[in-house]
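Here's the structure, in structure tokens; my notes come after.
A, B, C, D and E are the chain letters, set down in written order, and residue numbers restart from 1 in every chain.
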Amino acid sequence: MTEETKSSKDEVRTGVYICHCGTNIAGTVDVAAVADYASHLDSVVAARVYRFMCSEPGQEMIKQDIKELDLNRVVVASCSPTMHEPTFRKTCEQAGLNRHLFQMANIREHCSWVTADHEKATEKAKALVEAAVRRVYFHEPLEVREVPVNSSTLVVGGGIAGIQAALQIANSRHKVYLVEREPSIGGHMIQLDKTFPTLDCSACILTPNMSELGSHPYVELLTYSEVEELSGYVGNFKAKIRKKARYVDEEKCTGCGVCQGKCPWKAPSEFEMGLGQRKAIYIPFPQAVPNVPIIDRENCAYFQKGKCRACEKFCEAGAIKFDDEDKIIEVEVGNIILATGFQTFDPSVAAQYGYGKFDDIITGLEFERLCNATGPTGGNIQLKDGSVPRSVAIVHCVGSRDEEFHDYCSRVCCMYALKHSHLIKEKTDAQVCQIFTDIRCFGKDYEDFYERLVGEGANFVRGKVQQVASANGKGTDRGKLAITAEDPDSGKVTQVSADMIVLCTAIEPQQDADEVAHTFSVSLKADGFLMERHPKLDPVATRTDGIYVVGCCQGPKDIPDTVSQASAAAAKVLAVITKGKVELEASTAVIDEDLCSGCRICNLLCPYSAISFDDEKKVSNINEALCKGCGTCVAACPSGAITHRHFTTEEIMAEIEGVLV
Amino acid sequence: MDKELIQQIRDKARNLLKEGTVEGVIGYERASDDLTSRPLFAYSPSDTERLIFDETCAHNLVKYLLDKKGKKIAVVVKPCDSRAINLLLNEGQIERDNVFIIGVGCPGMVETNWNHKSETLQAKCRTCQLFKPVVYDFLAGGEIERQAEEETYSDITEEEAKSVATRREFWLEQFGRCIRCYACRQVCPGCYCPVCFAERLDPLWVGIRIAPEENDMWQTIRSFHLAGRCIGCNECERVCPVDIPLSLLNRKLEKDVKELFAFQAGLDPEEAPPFATFKKEEVMEFEK
Amino acid sequence: MGPESPFTPYLATLKTATQLTPDIKLLSVELEDPDIKAGFDYKPGQFALLSAFGEGEAPFGIVSLPLQKDGLEFAVRRIGTVTRALQELEPGDTLGVRGPFGNYFPLEDYVGKNMIVIGGGIGMAPLRPVINSILEQRDDYKELLIINGARTPQDLVFQPEFPTWMEAPGTKLELTVDRGDEEWKGRVALVPDVVKELAPSPGNAIAIVCGPPIMIRFTLARLRDLGYKDNQIVTTLEAKMKCGLGKCARCNIGEKYVCQDGPVFNLEQISQFLEQP
Amino acid sequence: MNLFASKDDVIRWLGELLKEHVVIAPVRVQEQTTFQPISQVEDVVFDFNNTALSPKGWFLPPTETLFSVQRDDGKVELVPTKVERDAVIFGLHPCDARGIALMDSPFLQEPSDALYRERRSRTALIGLACRQAQPECFCTSMGSAPDDPSNVDILLTEGEDGYIVQAVTEKGKALLPKGLAEYKGKVPAPPKLEAVPTKEVVSAMRELFNDPYWEQVADRCLHCNICAYVCPTCYCFDMRDYADKGKVERVRSWESCQSPGFSLTAGGYDPRTTKGERLRQRFCHKLLYFPEQFQDVACVGCGRCVRDCPVNIDIREVISNLKQVTEAKSGS
Amino acid sequence: MKSAYEPKVIGFLCNWCSYAGADMAGTSRMRYPQNIRIIRVPCSGRVDPLFVVKCFQRGADGVLVSGCHPGDCHYTEGNYYTRRRFALLREFLDYLGIAKERLRVEWVSASEGQKFAELLSDFTAELAGLGPRSKI
């Protein structure tokens, strides 16, 4: 048996303060009895009650005792620590006591408020106070560490969210790295035709921001790039970014576009949702930033057949670079904004919609391109055979609010469905039928827009689509496609026929959202979107300090909400940069090298990759700056070599013993 | 006794020592009863003449590698013991380059005590499906053909069928006999914490009383520490001087770990141990 | 009536507790039973086991002078759970005392000699009664050189007694620390180096050394370099003493039981130990 | 004068003893025989090889409370454990009886261990001579014999149809049942045992103190406490306080010099850190320090450590090796 | 009428979800039995299985370990480890004679005050049904 050899503490002098909380506690708990009980516990030198401990006089009483009675531990028995722990920690600090030499016993939320039984509540309060007194005995003062903040910021994703956040930070003259995996920034918004409810031209309002960003002295734009690895912690992140080979020298290219004119090979255009074509060397869309083409290896004659090089021949700038390779760039930043966006639901997995089976069934996003003046049809709404539809059905909630796919509401579909309806009405004589479940027009001016559309004469049919069939040869009055929809409440079945169907597909998390979550050590919610720190009070931060989440990667939202969120995140980042320093978690884990067996189990399970193995000494080490203090490694360590500051095994055991007395 | 097998072990050991490949060879020699066997540490080529191998060589010699860290050592390893090598490699306790593994095919070990050798195979051997070490550098005696019973965990399911109260009584009686000699810990290749929890004062998990309540704590924690790590050599049970059926604990955990996490310790030196990993989609009984 | 057990401590009351250094307290303890108190005879170098009931028992050298019986003194350094509990006792609290145990410094054999007393940190504790005994019978001895070292100036024990020691005739007190601070004007050096520097002559001298093992090891080497014979160097051994009675067998080093045969040995004796402590 | 008792006589006698005494006797638990306080005579086993643990646990229990601390109005009182009843240990083999005699040396040496002394004086030992020797037995080399009456109060020897009863001490005589007939027949000869070369073992130990031999043997030692705990003469112990819900006790439990932290001081100093040093300590204590202090070698030849050591560290072999190594040394 | 037997229950609650859930039960003035004593931990992943063993050894009748729902862990994945550890510990304790019903593992989010209160009522009733644990 070994004697304990770790250094121990000075004589412990504890003060216990029991709050009446008006009648909130004292109405149920016999606070005087609890105080009397506490006064007899080991190390307790004072036990007092007060009506409102959190009030100025209450705090003053504690401060005075700390000074006069030479207290070095304080226990307050009152409400939940989530409520007033910061208050009393500050009280202690003001009296010169380290904030961690304090412990709170929750005798309100966990005790007086959940019972009417005075006797049991009093008994429980005593146990909780005893546990706190025993626990606080083992508390150690902890230092709050601060680290300087790197003033650069990494923005991941170049859609409207990323653009907005990046511009706002860059305009404050702080460096921004904007990483976008596509060849151009712009995201989904640049694909849109008009935006609801104002009917602004999407490209018209976004393009100026894109070009501002493209030439901004404080922005380094890294398109066709992805973040591969992240290390470090708030204030001091290091990101490894893969800049994929573009085969065109960005420095030399003038963006003249000759190359794509000369290129003989074609492929479906991603930007046009496959409705149009582009060349093997192409600029994704006219307003692209950067305005530099890219070679699509898969569809390039040279790469596939070894012959061609037409682009190279015609490029006066000599910018074509067939031997281009991926580059790894390392950047150091203090904060990170994730704006990785969304993808739309693929309706072909839901057979009832007939998408992919019949012609002229398109998604809402495809409709945007169809409708857009720069799109493949020059803005003409037409069927595949080139004719103008006589009737169009717009189906809401495709993949949203559907138990089979996504439970949630995608928030924008109702509104863009109305907008589509308006555009169809504007450009054709077609009849429009909206097949909806509920119409949700919650935003500013949205209800007006709805009223306006109703006035324009759209039909509204309530129902979930059961089936889409070909109506050819059947006795339908108009339209080639027969839609069967059922009212989810009444069960009433309606038949609608149309020449064209627009499916308002759900906004869903990017396919690789979990990889993003992993790379950046942030959490995913069950629905697959990135999780914010608090849904109400901290909706743009994540639980990893220094990493923020904006736009649709956090959940479906419309453009105004996205922009507001992006600005909010930018403001948060700027606040950190301005402060210049960040506080690190004090309650971290630390490994005792003498006790570590070097089994490395902790290395595997740390979600923050804060633990590394020292090959020389054959022991593990915790980078305290990375540690968030979850304690998972502590509980997993077989040899008990990890101490969790402020949640030490001794402290928790003392608490166990305390509550069991 | 398989003379040819023994000769192969001796030849290999002698050559390894002669060539300076290793500093020592850990194998088996005849015990002082002239009947059973005991560990032998051979440091010179002449020592290797004492090496033997037969059905009494129950000791898991892998444990000793923990005493010889940083040294080049050869060790004679049965199939079950070889899982301990993988365990220790997995947990970073030994380095593959430092260990030369003389594997032996295993016909199964018989129940032995000093001066006693029974004809019956040890229970663990009857259902053992490993006839060849899972890792080795040299396989002495070649592969062995042998028929083993199916592993049904019938002893465990039998216990599980009893009432909780019956089991409580049973274990209290068993643990009540424990004299806290710690032989189970000392012999276990998976027990290598620099300071055992049983010897920690900060916190005090278990006191010095050799009495049921503290023995209970000791045995509960000891066996749970080996959850997903026990490689089933059953040395703890073999050495227990008061015959506590420790395999009933170890095998229960082994069975559950297999069922819950589809994991068996010591088969793969790279696979993450069950408590160092998880599957998001898995659903445990208490969640149903 | 249960049997009179040597494992049952005498009850005692803590009279005063004085902070000597940041981690060492001087406990003054009075035995409750007047007869036991009267019969509690001890000599410099002997130790006792103090009990903090509920935490356990640990050995401490008795640092008061043998005639002092109403206030047995112990210097307790916080190093484990028992010492922490002892330090947390308040005057008036009850503790347990078993002892006195072990042998002692044979001061009567040193009459007429030059005395060199060398202590490091808490190692000064068992040397304090040696120094004070010599000072009480000052004429019996020749020169007295005290070398007292500690890690920092705050860690020097028995500071209140330094003036007395310094002023005593024929007595020199040399203080040294491993690390000084802003106020420290004295020596910053390791104890063995101070021994080397001061080079007290081995002629007709006895050196008593006590401190952490590493300090002892190097100090002994320096003394030997200076020409000290092994029978001129005396130390007290550290060992794990649990029962104090030579029964629990923990403090067994070679054939010796430190709690009974020791803790005081001269180097000549130690070199005859089979097992080198 | 030898008396004779049939097995029924013995059982009746034990029944009588049980009324006034705690009777500790060998009983079967699972597959093992062990000494336990009995509640009924039927449980007693007469024919057994050496029990799993020796009967030393009656005098030095694996765990016992030395005293408890009572607090009354701030006044502290220490209440030592009391020995409540007289006891009889029935059926100890002569080797185990010698083990107790050897333990007397340290425990009865002044200041004597009160609980031990009290139990010892209030316990009578009824020995049972060994009819058979086990291969691990070597009591005759260690100052005892299968029929050695010297350390018991009464010795029983199994004869035909019953037991030959020999009252060794006055205490024994007083305990005898009335009406036993005198036995005039021959006492069966004890079994023969192989000798272990114990001559000059003490000096060999001294000489080989620093020999690499110890590290070699220690190579296979697991440093469990089996040998110490089954040994009738190993007596190391640990003491610690327990405080539970206001109740404070000082507890003593068995310990072993083989355990890793045995000699580690609070300051972090440990005189024995290697496996060889720890193993040597045990043999030194038995074969060198104990005889230096109390004349006898602290081994009774019961063979339990031989039987139970998981890695066959056989004390007889160690003793033989000592002889060989010293001879080899002096020869070279 | 008070029942004679009041089981002792210890709850280890993660700070972010379950502790807040318990707070929510209080804020909403939901009634549940007073047997539980709550110990706050940063994450259910901090709960060493040995704590639970210790609780039972020290006389607890039931232990609740509660954390965020899988996928909602404040520390990303602590509760996944909790799930594995305690799935096994429950089986093992049951096997040693401490009925698995005595060790509950529950996912309670910050908004599930109702769930927490119901859980406690249910757990306490179940423990009362099981009766006191056989003492060692």
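FYI, a residue touches a chain if its C-beta (ideal position, glycine included) is under 8 Å from a C-beta of that chain, and two chains touch if they have at least 3 such contacts.
Computed from a predicted structure; not experimentally measured.
**Student:** So using the touch definition from the top, which pair is joined by more C-beta contacts, A-E or A-B?
**Tutor:** If we tally the C-beta pairs in contact for A-E and A-B, the bigger total goes to A-E.
**Student:** If we define chain centres by averaging CA atoms, which chain lands farthest from chain A? Would you check?
**Tutor:** Using the mean of the C-alpha atoms as each chain's centre, the farthest one from chain A is D.
**Student:** Which whole number of Å gives the spacing of the CA centres of chain A and chain D?
**Tutor:** From the centre of chain A to the centre of chain D is 71 Å.
**Student:** Averaged over CA atoms, how far is the centre of chain A from the centre of chain B? Could you give it in whole Å?
**Tutor:** The separation of the two C-alpha centroids amounts to 48 Å.
**Student:** Taking each chain's centre as the mean of its CA atoms, how far is chain B from chain E in angstrom?
**Tutor:** 35
**Student:** With chain centres taken as the means of their Cα atoms, state the distance from chain A to chain C in Å.
**Tutor:** Measuring from centre to centre gives 65 Å for this pair.
**Student:** Which residues of chain C are in contact with two or more other chains?
**Tutor:** Within chain C, the residues that touch at least two other chains are 79-83.
**Student:** Multi-chain contacts in chain E: which residues touch at least two other chains?
**Tutor:** 49, 54, 71, 77, 81, 85, in rising order.
**Student:** What are the residues of chain D that contact at least two other chains?
**Tutor:** 238, 240, 242, 255, 259-262, 264-267
**Student:** Taking the complex as given, what residues does chain C use to touch chain A?
**Tutor:** 23, 78-84, 87-88
**Student:** Which residues of chain A touch chain E in their complex?
**Tutor:** Touching chain E: residues 80-82, 106, 108-111, 113-117, 120-121, 123-124, 127-128, 131, 517, 521-526, 531, 543, 587, 605, 607-608, 628-632, 634-636, 644, 647, 649, 652-653, 655-657, 659-660 of chain A.
**Student:** List the residues on chain D that touch chain B in their complex, please.
**Tutor:** Listed in rising order, the residues of chain D that touch chain B are 29-32, 52-53, 62-63, 134-136, 216, 219-220, 222-226, 228-230, 238, 240, 242, 251, 253-256, 259-261, 275, 306-312, 314, 316-317.
**Student:** Which residues, counting only chain D, touch chain C once they are in their complex?
**Tutor:** 66-67, 69, 76-83, 106-107, 109, 111-115, 117-118, 206, 209, 235-243, 248, 250, 252, 255, 257, 262-267, 269, 271-272, 277, 281, 284-285, 288-289, 292-293
**Student:** Where on chain E is chain B touching in the complex?
**Tutor:** 49-50, 53-54, 57, 70-71, 77, 80-81, 83-99, 104-107, 134, 136
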